[in-house]
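Structure below; questions to follow.
As written, the chain order gives the labels A, B, C and D, with residue 1 at the start of each chain.
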Amino acid sequence: MQGEIIIIAILASLACVIPGVFLLLRKMALISDAISHSILPGIVIGYLIKQSLNTPYPIIGAVVFAMIMVVTSEALHRSNLVKPDTAIAVVFPPLFSLGVLLVTLLAGNVHLDTDAVLLGELAFAPLDRMMVAGYSVPKSLVKMLLIVIFNGGIIILLFKELKVSTFDPILSKSLGFSPSFLHYLLMLMTSITAVGAFDSVGAVLVLAFMITPAATALLLTNSLFVMVFISFGLAIASSILGVLLALQLDAGISGAISTVMGGFFILAYFFSPLNGMVTKLKHKMNIKHEYALSIILYHLSNHCDAHNMETECSYSHLKEQFSYSERYLKKIVHKAVEAGLIKQKNRVFHITERGRNDARLHISH
Amino acid sequence: MSSMQSKTYFIVAIIIISLVLVGCQKQEKGDATDDKPYSVVTTIGMLGDIATNLASDYVKVTTLMGPGVDPHLYKASANDVKLLHNADLILYGGLHLEGKMSDVLDSLSSTRRAIAASEAIPEQYLIGHPGSYDPHVWFDVSLWLYAVEAVYEGLIDLLPEHTEDITTNYQAYVAQLEQLHAYVQETANTLNKEQRVLITAHDAFEYFGKAYDFEVRGLQGTSTVSEAGTRDVQQLSQYIVDHKIKAIFIESSVPRKTIQSLQEATRAKGFDVQIGGELFSDAMGDAGTKEGTYVGMVEHNINIIVSALAL
Amino acid sequence: MSLLYDMIFDYTLRNVALGTFLLGLGSGAVGSFMTLRGESLLGDAIAHATLPGVALAYMLTNTKDPLVLLIGAAIAGVLGIGAITAITRTTKIDNDGANGIILSIFFGFGLLLLTYIQKLPQSSQAGLDRFIFGQAATIIAKDVVIIAIVQVFVLVVVTLFFKEFKSSTFDPQSTTVMGFNQKIIDAIFATLLVAVIVVGLQTVGVILISALLITPAAAARQWTHSLKTMVITSSLFSAFSGMIGSLLSASRNNLPTGPMIVLVLTAFLIFSFLFGAKRGIVLRKIALIKRERSFDHNRIMLALDNLAQSHDDTSLAHSSKTIGLMVQQTHGMHRMLKQLAQKGLLIQSEEASYALSKQGELYVKNLKNEGGLYAG
Amino acid sequence: MENINNNIAIEVEDLTVAYHHKPVLWDIDTQVEKGVISAIIGPNGAGKSTLLKAMLSLIPISSGTISFFGSPLKKMRRHVAYVPQRSEVDWDFPTTVVDVVTMGSYGALGWITPPGKKERKLAMEALEKVGMEEFANRQIRELSGGQQQRTFIARALVQDASIYLMDEPFAGVDAATEQSIIEVLRELRAQGKTLVIVHHDLLTVREYFDHVILLNVHTIATGPVETTFTTENLQKTYKGKFNALKGGIDELTL
């Protein structure tokens, strides 16, 4: 049972990550949140057709309005009238408001809202089953698998095209694939994925899966190709750990998975080998050390053979010359001695052959 | 070199976090060691109340939605599915009371014992359209008896060897509810016709109004997304003034502001309407208190309503 | 007419209309900067990000007092904006991505807390996650006072720091070089944002406050190329949409106030997209047609000049067919030639044959000096 | 001491800047005297823009000191103006040419005080100097690349600084604009101002500049054009890539 929940979570995460990476790079990361608001009128209209919550119409309505949302915002963005984030921000409020208006006018006494019709709960996904080839499997599992195959197929076939059209729409056009076709395809993929995954795992998780793994991956790599795979890895890891966390705490699964993803993001933010905050700090220190070492070597290599080396190459002179604190200088000198770059004799430093080479290298750069 | 180091740090950090997450094991609840052989899982407290009254000697009753939880917006916990999976009998409201969860439970009912208690009520008594009936049936005690009967049958089915005891408990509970129904009616009858207007923030009290002859008015619909209009506030406040209604009521799950705006609008028209008190609508009160039982909750509501609306 | 009367004398309509009007004034101004800074979805993100603040405030105090919850929400909101700023300033992730991350992490964590609270045997938790969200129709006199105070504060700060906001939005680096600390400007702006958003959430709810911030700004942008005008226009669009929406909602039953205001805002926006004086679609279309026409005209003139030079005779007329071949276009050739003849640039010698007039020769000369086809 | 400082407009010592793992600038030392036009020259990725930004504290530096007339930037802000690359701002911003130029006066105005008639007059004068007065009320999006660049330079003129740091002011502008910009720069030099300019076009270095900083992560050479801008130094700066450029340079008889 838990195994099935984890598998569904993983499939949903993979399905969402694929459009998510491109949405993030196209500055439309929040579109899934906007979709979750925008499908309300579709649900209401779907309900009104038969005045019943027991028909598939509300979900069909949701898909239709998801498409209306993405197509409208993409068209606005393309028209250059507004920026992409503004395009999203001006489309979802009227759609949601239309939904509220319809509910209030026509269905005020029905427990009708997005939660009731569409927003699924991952915890219950294994309970809703169907028979496939003689095996009883959760419906959500089948649905998410189909979406993963659909999205995966598109990305395998069109990875190069999507990449070019995302980073350089003009080049894309000149190479003969229309960026506008590709972007509408991406938007179609997004709306199908969003509505399908809303039904299986709920809106919060869809939003989190679409943005956070991709954004975390962006902190860890500069290559789009690698980014996709890191996102997959993060999505899978957070799905497994999130479900385990939720089971341990007996808490909501969506919340737990999002929180774990948040944890990964924070880790990457501080510790990313590429550009994390701590890494940056450490690196700054390293540079400082390296720099200090190189100027000391430079100094020694220039003065070591001179007649006044007793004074020039003494500890106290170095301290004076470079105005480093005693502790810091000791540390640097210690490192240099360990690396075999200098030797110490009677409080006077001698540069070794290796140290001389090193110094030359630094200077000639 | 420093790049390798950072990478190692990163991986180590991930492993540590993972261990912390997995390791923060919560103490396993004592549930497993319970000696009662059967487990009954209910969604809302009112159903739990029935099961407890009828068969608490033989079954362990677990209610998913505690006090103060709107069944419609319930957010499942990870272990709920385990509870449901291991349950010998599942009791739920149905009529889409539990939102999407009702659908899941509907599909479960074909393979295991799962009863949508409210759906046992004959359709002619339900308010609304087929496929979207108002699920707040427990406010009419006489209708709730159908749900009690459905639960009773389910329990008998599950525990045929205890039929006798359960039947005795059932009859006692039914008697208690019939008494409650009479009490509500009696108390309501102390108000005259004009005083019987129940105004709340949202329309959850339709069944109550129909059963006990109250005119029920709400500022906004049942749906959580429905919103009040300016005109609705104006008209309802005018109605209060015109009919000199003494009090209006807040519900524990709806922001007070909604009712406050109505009160202020009425006061601006020169009529001082009181806020009568807090009614329980979607869930019962805290366990261990009187309002934590179905009977206590219904009594609380009618007492508050009548004392506030009376002269 | 009675609606206008009510707006002054009816308690409810007066407060709702005045409240949304005032709320619109400040949010329209702040929203203008948000759209230009690429933060259009920040309102929505922060509204979601308040959830853990609300949940923790409830867990710590065990009350559902709106003020306590609101303080929790505001703290979470400030942390959210701080985190978003930190992410955009120190990583490759842009505003949009940062908004999404903070929204999903904060909201997810809030949900985790909510499922925990749900397990507590306390009936007082009922409706916790909705408690800080208000709706426009229930604005009361006290709210109007609070809104007024906050909006005056917002407008005063925007006026005082207009120069700093403008410069740092347009060119943050040069602004820093000129000695303005970007962090201070960001902090002042974030304060305004949180103030507007929190007051908005509490009085009119998430969707309406998001719309009041962004939609009027997007509409105003279509009418002007001046930031000052844009801020003022946006502010007024927002305010009057609030008022008009409230009036519409008071015109009949079951018209929810918030959604009506959003629809009015959107109507303003669509109108602006179509007819906006600076960027509107219709205007652009007209400009495009004009440009295309003058482009075509110029090509014809140059073609005729070419023909004249190759024949060493400017007065020789050429058939529209020949000219069409020269410019590789036949569509609308007659019409364009007639237009040019009407302007006096061409002389029509016989049916469908044209030559350059003296005036036309001058025109071609100028055209060549200006750099050819693209001029004019 | 004081006297020497007054003659050195900009002094950079031991400046190191790192991004990711690679040092982008390593141990940069250079001095620019007062009243010269200096070019920062180097191949792509040599850290030219980074050097300007580091000098202006726009990016964090790993080590080193930068001083303007002997004082740190903090004390000299009023005297330093920056012209960023054109691509660094949103040209769709709702503002007019004269508005952008007026922004140059913001530093002198300080917090809160709004610009007035005086600042607007300064802006118009600056626009006249760069030959843009007839475009004063144009939306900035409607400008050509060269016009945008001249707008930026006008903004810097309004700042009335002693030191101007410009990031590729000649990139993507037409020949006429380039001429008018260089005239403005020479006029500034005549007034005793110091200019440091990131420059791409090796062919014009001798004509436009007095001083060069040859940069490729390290300072390769720095000094007067006559003595520093040599084939040998350029070879060091551009390494393998230089041969491709060489043909063009020879024409200028180095």
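The definition used in the following text is that a residue touches a chain if its C-beta (ideal position, glycine included) is under 8 Å from a C-beta of that chain, and two chains touch if they have at least 3 such contacts.
What you are looking at is a predicted structure, and each value in this text was computed from that prediction instead of being measured.
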item: More contacts between chains, C-D or A-C; value: A-C
item: Reference chain C; chain at largest CA-centroid distance; value: B
item: For chain A paired with chain C, centre-to-centre distance based on mean C-alpha positions, whole Å; value: 28
item: Gap in Å, rounded to a whole number, between the CA centres of chain D and chain C; value: 35
item: CA centroid of chain B to CA centroid of chain D, Å; value: 71
item: Intercentroid distance (Cα basis), chain C paired with chain B, Å; value: 44
item: Per-residue overlap in chain C, given as positions that touch at least 2 other chains; value: 111, 114-115, 119, 221, 254-256, 258-260
item: Residue numbers of chain B (touch at least two other chains); value: 2-3, 73, 75-77, 220, 224, 226-227, 229
item: Residues of chain D touching at least two other chains; value: 21
item: Interchain contacts, given as pairs of chains that touch; value: A-B, A-C, A-D, B-C, C-D
item: Contact set on chain A toward chain C in their complex; value: 24, 27-30, 33-34, 37, 76, 79, 81-86, 88-90, 92-94, 96-98, 100-101, 104-105, 108, 204-205, 207-208, 210-212, 214-215, 218-219, 249-252, 254-259, 261-262, 265, 269, 275, 277
item: Residues on chain A engaged by chain B in the complex (per definition of touch); value: 1, 5, 40, 47, 50-55, 99-100, 103-104, 107-121, 123-124, 126-129, 237, 241, 243-256, 260, 263-264, 267-268, 271-273, 276, 278-279, 282-283, 286
item: Interfacial residue positions of chain C with respect to chain A in the complex; value: 35, 38-41, 43-45, 48, 87, 90-101, 103-105, 107-116, 119, 207-208, 210-211, 214-215, 217-218, 221-222, 254-256, 258-260, 262-263, 265-266, 269, 273, 279, 281
item: Residues of chain B touching chain C in the complex; value: 65-70, 73-77, 219-220, 224, 226-235, 237, 251-258, 260-262, 264-265, 268-269, 280, 282-287, 291
item: Contact footprint of chain D on chain C as seen in their complex; value: 36, 160-164, 166-167, 169-171, 173-180, 221, 224-227, 229-230, 278
